[in-house]
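Two complexes are shown next, each including chain A; its partner changes from chain B in the first to chain C in the second.
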Partner chain A sequence: MGITIEKVSKAFGDFAAIKDVQLEIPSGDFIALLGPSGSGKTTLLRLIAGLESLDSGKILFNDIDYSNKTVKERKVGFVFQHYALFKHMTIFENIAFGLKVRPFKLRPSNQEIKERVYSLLKFVQLEHMADRYPSQLSGGQKQRIALARALAVEPEVLLLDEPFGALDAKVRQELRHWLREIHEKLNITTIFVTHDQEEALEMADTIVVMNQGQIEQIGSPDEVYHHPVNAFVYRFLGRVNEFIDSENEVTYIRPHEVVLRKSAQGNSVPAKVLHVHSVGSLVRIQLNRLDTNALFEAEVNTEKYQEIGPLKKGDLLYATFSNLVAFGNEQKEALTAIL
Partner chain B sequence: MVKKIKPQRVLPGFGLSMGYTIIYLSLIILIPITVLFLKASTLSLSDIWQTVTDDRVVASYKLTFYSSFVAAVVNAVFGTLIAWVLVKYQFPGKKIIDALVDLPFALPTAVAGIALTTIYAPNGWIGQLFEPMGVRIAFTPIGIMIALTFIGLPFVVRTVQPVLQDFDRQYEEAASTLGANSIQIFFKIILPTLFPAILTGFALAFARALGEYGSVVFISGNMPMKTEIVPLLIVTKLEQFDYAGAAAIASVMLIFSFILLFAINFWQWRISKKHQVA
Partner chain C sequence: MNTKTIAQANTVSLQGLKKWVLIGIALAFLGLFIVIPLIAVFSEALKKGIELYFASLTEPDALSAIKLTLITAAIAVPVNTIFGVIAAYAIAKFSFKGKNILVTLIDIPFAVSPVIAGLVFVLLFGSQGLLGPFLEAHDIKIVFAVPGIILATLFVTFPFVARELIPIMQEQGTDEEQAGRMLGANGWQMFFRITLPNIKWGLLYGVILCNARAMGEFGAVSVVSGHIRGMTNTIPLHVEILYNEYNFTAAFAVASLLAILALFTLVLKSVVEWKSRKE
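After this line comes the complex of A and B, so read on.
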């Protein structure tokens, strides 16, 4: 199902959570709403689900105005960050809930419900859990059951609010792949909210970067990462070094784009090592520019590190910043606002 | 050698705190109750049987349990409603209503009894409205139930309120995205979550009502076989210096109450165990 969001605004008291947002989501897309907390991404998701009411604008599902439809009528699958499994029901009853609350005429027979629940349990690979209660499951299992429950009602849109936010790093990694696979199999329009740029880059077909209730950029992971339209998007999508030159112009470079050498070359800049720490296959080096005294970070792989290292505090290196990016001065205000 | 490190506890030593618990319970509950049974046993078995199966006594058992049960059910329903209003809505005077709920705890029960009798008597403010319809409230079992409802009100409200306060909206939202309507959300999601708390409040209100004396004696009219409650019969026996007879009636009452409360607690334990395991 395709979704059109037309000039939608929503305020909570004096706080404008969503300001005049315009967004077109094609059917079958896998889309990430990415932004810092307070950027309005969760509010936008809840507006689509009908869990919040619009102040102005329209939300269309397949070109039909759904703005005034109730949550129940929208037939969306919604997955909550903290699972929201019904604690007093078994896993089976949780998944069957959406089918059992249907009006009598539309309700499948008990046998059909049973078959459907078991096929979903099989789909999320937790068949043996049917008779357990949610409190007996791990976080990752709970989230898989929450997804099975949302899918039981055969929604045409799947909405996920920070679905992996409460899980530990390893489980999160597994579930990302798994969710991606599920989307490929079912091919329903899927929208998920996240503040983790890695998660968005890894999973989504389209990323919508949000800030202060507005959309900053819409594009594929490649587009938003390599061609950010402004400083906010650039900063939010990865680690970043920021330099201010004598004319007060701000330029940026990602740590992995900084080239370090042991000897001066071309327009390289001398820098002193402040701190070295290795993170798995990467080594991050904090340095101090000797010309402007600015601090910056460089990221090299272990091979490269062996070429220039081993390094210790106080060592002198030469850094080349060949890919400096500038967005012009008009972006600076927005930038200081988030700092 | 590995030395075993004892896990740190907040209170010192299991032995000390358990010993204190047992002594405390003995002095306050166990010894007085034992003495009660001992006093009753000074009568011969046939005397005990005769005392406790006397028609007037049996009628009072029935009345006490029946009216206490009705009062506790009424409190379970309307106490839950009051807790709902206090948690879910914002309105002026909410703090005052919240404080009013505790009043039955603070008010001397005799005062409550006299006040209730005054307004529910056939010529009282409310009583006179029902009199033309042929409904008498004071000096009938209905009056007893009203008094017992009054004194049991805080229990259900105060047990349900915190549970309702902690109830996360996301469960209601999840149910609505799955297509449930508000009635289904209330009965399938909210009520089952509140049920253990309602049951606890019900048990407390029921237990309180079984032993209530002060407020009931004024509104009941104390007519033998009709509106006499068990505590009144016990006091009557005491006034006639029939201590053993009073103890025998009290013992039967105690056993019944204990069985009932135990059953309710067991039921409550079963429900909460189901979905609260760590």
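After this line comes the complex of A and C, so read on.
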């Protein structure tokens, strides 16, 4: 199902959570709403679900106005950040819930419900868990059951609110791949909310970067990462060095784009090593520019590090900043407001 | 043994001593004020034999008091259970202006002396009261009649269920209800399949306490009852009348019913606490 968000606004008291948002989501897309906390991404998701009502604007499902339709009529599946499994029900009952509460005429027979629940349990690879209670499951298992429960009612849109936010790093990594696979299999329009840029870049077809209730940029992971439209997007999508020149012009460069050499070359800048730490296959080096005294970070792989290193505090290197990005003054003001 | 370990041993025994002194004080206090009076009630009740004990319970005035107490509880407890669930639901699951005022209002019966509560009903519904002329004109009797007793009991016992449920419901939040809504459940389905099972032990606990108070309430009921024998006497009022007439055996026999109710309540309460902890 395709979704169109048309000039949607929503405020809670004096706080404008969503301001005049415009967004087109094609059918079958896998989309990430990415932004810091308070950027309005969860509110937007809840507006699509019908869990919140609009102040103004329209939400269209397949070009039909659904703004005033109930949650029930929208046929959306929702996965909550903290799973929201029914504690007093078994896993089987949790998944069957959406089918059992249907009006009598639309309710499948008990046999059909049973078959459907077991096929979903198989789908999420937790068949042997049917008789357990949620408290007996791990976080990752709970989230998979929450997804199975949402899928039981055959939704046409799947909404996930920070689906992996409460899980540890390893489980999160596994579930990312798994959710991506599920989307590939079912091909239903899927929207997830995250504040983790890595998660968005890794999973989504389309990323919507949000800030202060507005959309900053919409694009593929590649577009938003390599062609950010403003400083906010640039900063939010990865590690960043920020330089301010004498005219207060701000320029940016990512740590992995900084080139370090042992000898001066072209317009390279001398810099002193402050700190070196290795993170897996990468080495991060904190340095101090000798010309402006500004601090910056460089990121090199271990191969490159062997070329220039081993380094210790106080060593002199030459840095070349060839890909400096600038966004003009307008963004700079916006940025200082955010930071 | 060097001095350090001796010092350690001393602190340990001091700790042990402290523990037992504190436990001893608590037990002595309980014994003096609860266990001994409880034994006294039963021994006084049974002093002149089991036959007189049962005779005191089965004489018409006693039976009528028992009946009225049961009727009062049978009305007050369900009404306050429904009210308590609604109030707790509203307070825990919605945000609205004046929520704190509502919470404070629910606490009023705890804060106000029951006698004053009774007096308010007399002032409202009595023949000199605000609504007195209207009620008299329509021949409706509230004060010094059964409706007054029920009203006073309702007032005194209404915080029990709500007070018990508010923290439980607040802790549970609205996540599960929202999930139910997303899965297509309507309001009734959500309440009976999600909310109610989640609060059942807390609810039962509140109902038990509410019932114990409804049956045992003296002050407010005493003011509105008028003490008409065989008509507007509940068990606690009947005990008082018997006692004032120096009919000690009968007074203690009827009082023993309330003591049995208290013991029964405690057992039930422990079972519920144990069950809810197990889940």
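Heads up, the rule we're going with is that the second predicted complex is superposed on the first by the 339 of 339 C-alpha atoms of A that agree within 3 Å, B and C clash if a C-alpha of one lies under 4 Å from a C-alpha of the other, contacts with A are read in each partner's own complex, and residues count from 1 in each chain.
As a working rule, a contact is a pair of C-beta atoms (placed from the backbone, for glycine too) under 8 Å apart; a residue touches a chain by one contact, two chains touch by 3 or more.
Quick caveat, the model's predicted, so the values are computed rather than measured.
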Chain C versus chain B on the shared chain A, clash or fit after superposition: clash
Chain B versus chain C as contact partner of A:F92, first or second or both or neither: neither
First, second, both or neither for A:A49, with chain B first and chain C second: both
A:P134 touches, of chain B and chain C: first, second, both or neither? first
Contacts of A:F30 with chain B and chain C, given as first, second, both or neither: neither
Partner chain in contact with A:F78 - chain B first, chain C second, else both or neither: both
Chain B versus chain C as contact partner of A:V101, first or second or both or neither: both
Chain A residues contacted in one complex by chain B, in the other by chain C: 49, 51, 71-72, 76-78, 80, 82, 84, 86-89, 97-98, 101-102, 149-150, 152-153
Interface residues, chain C side, partner chain A - complex: 175-176, 178-186, 189, 193-194, 197-198, 279
In the complex with chain C, residue positions of chain A that touch it: 49, 51, 71-72, 76-78, 80, 82, 84-89, 97-98, 101-102, 149-150, 152-153
Chain A contact footprint on chain B (complex, rising order): 168, 170-171, 173-181, 184, 188-189, 192-193, 274-278
Chain B-touching residues of chain A, taken from the complex the two chains share: 49, 51, 70-72, 75-78, 80, 82, 84, 86-89, 97-98, 101-102, 133-136, 149-150, 152-153
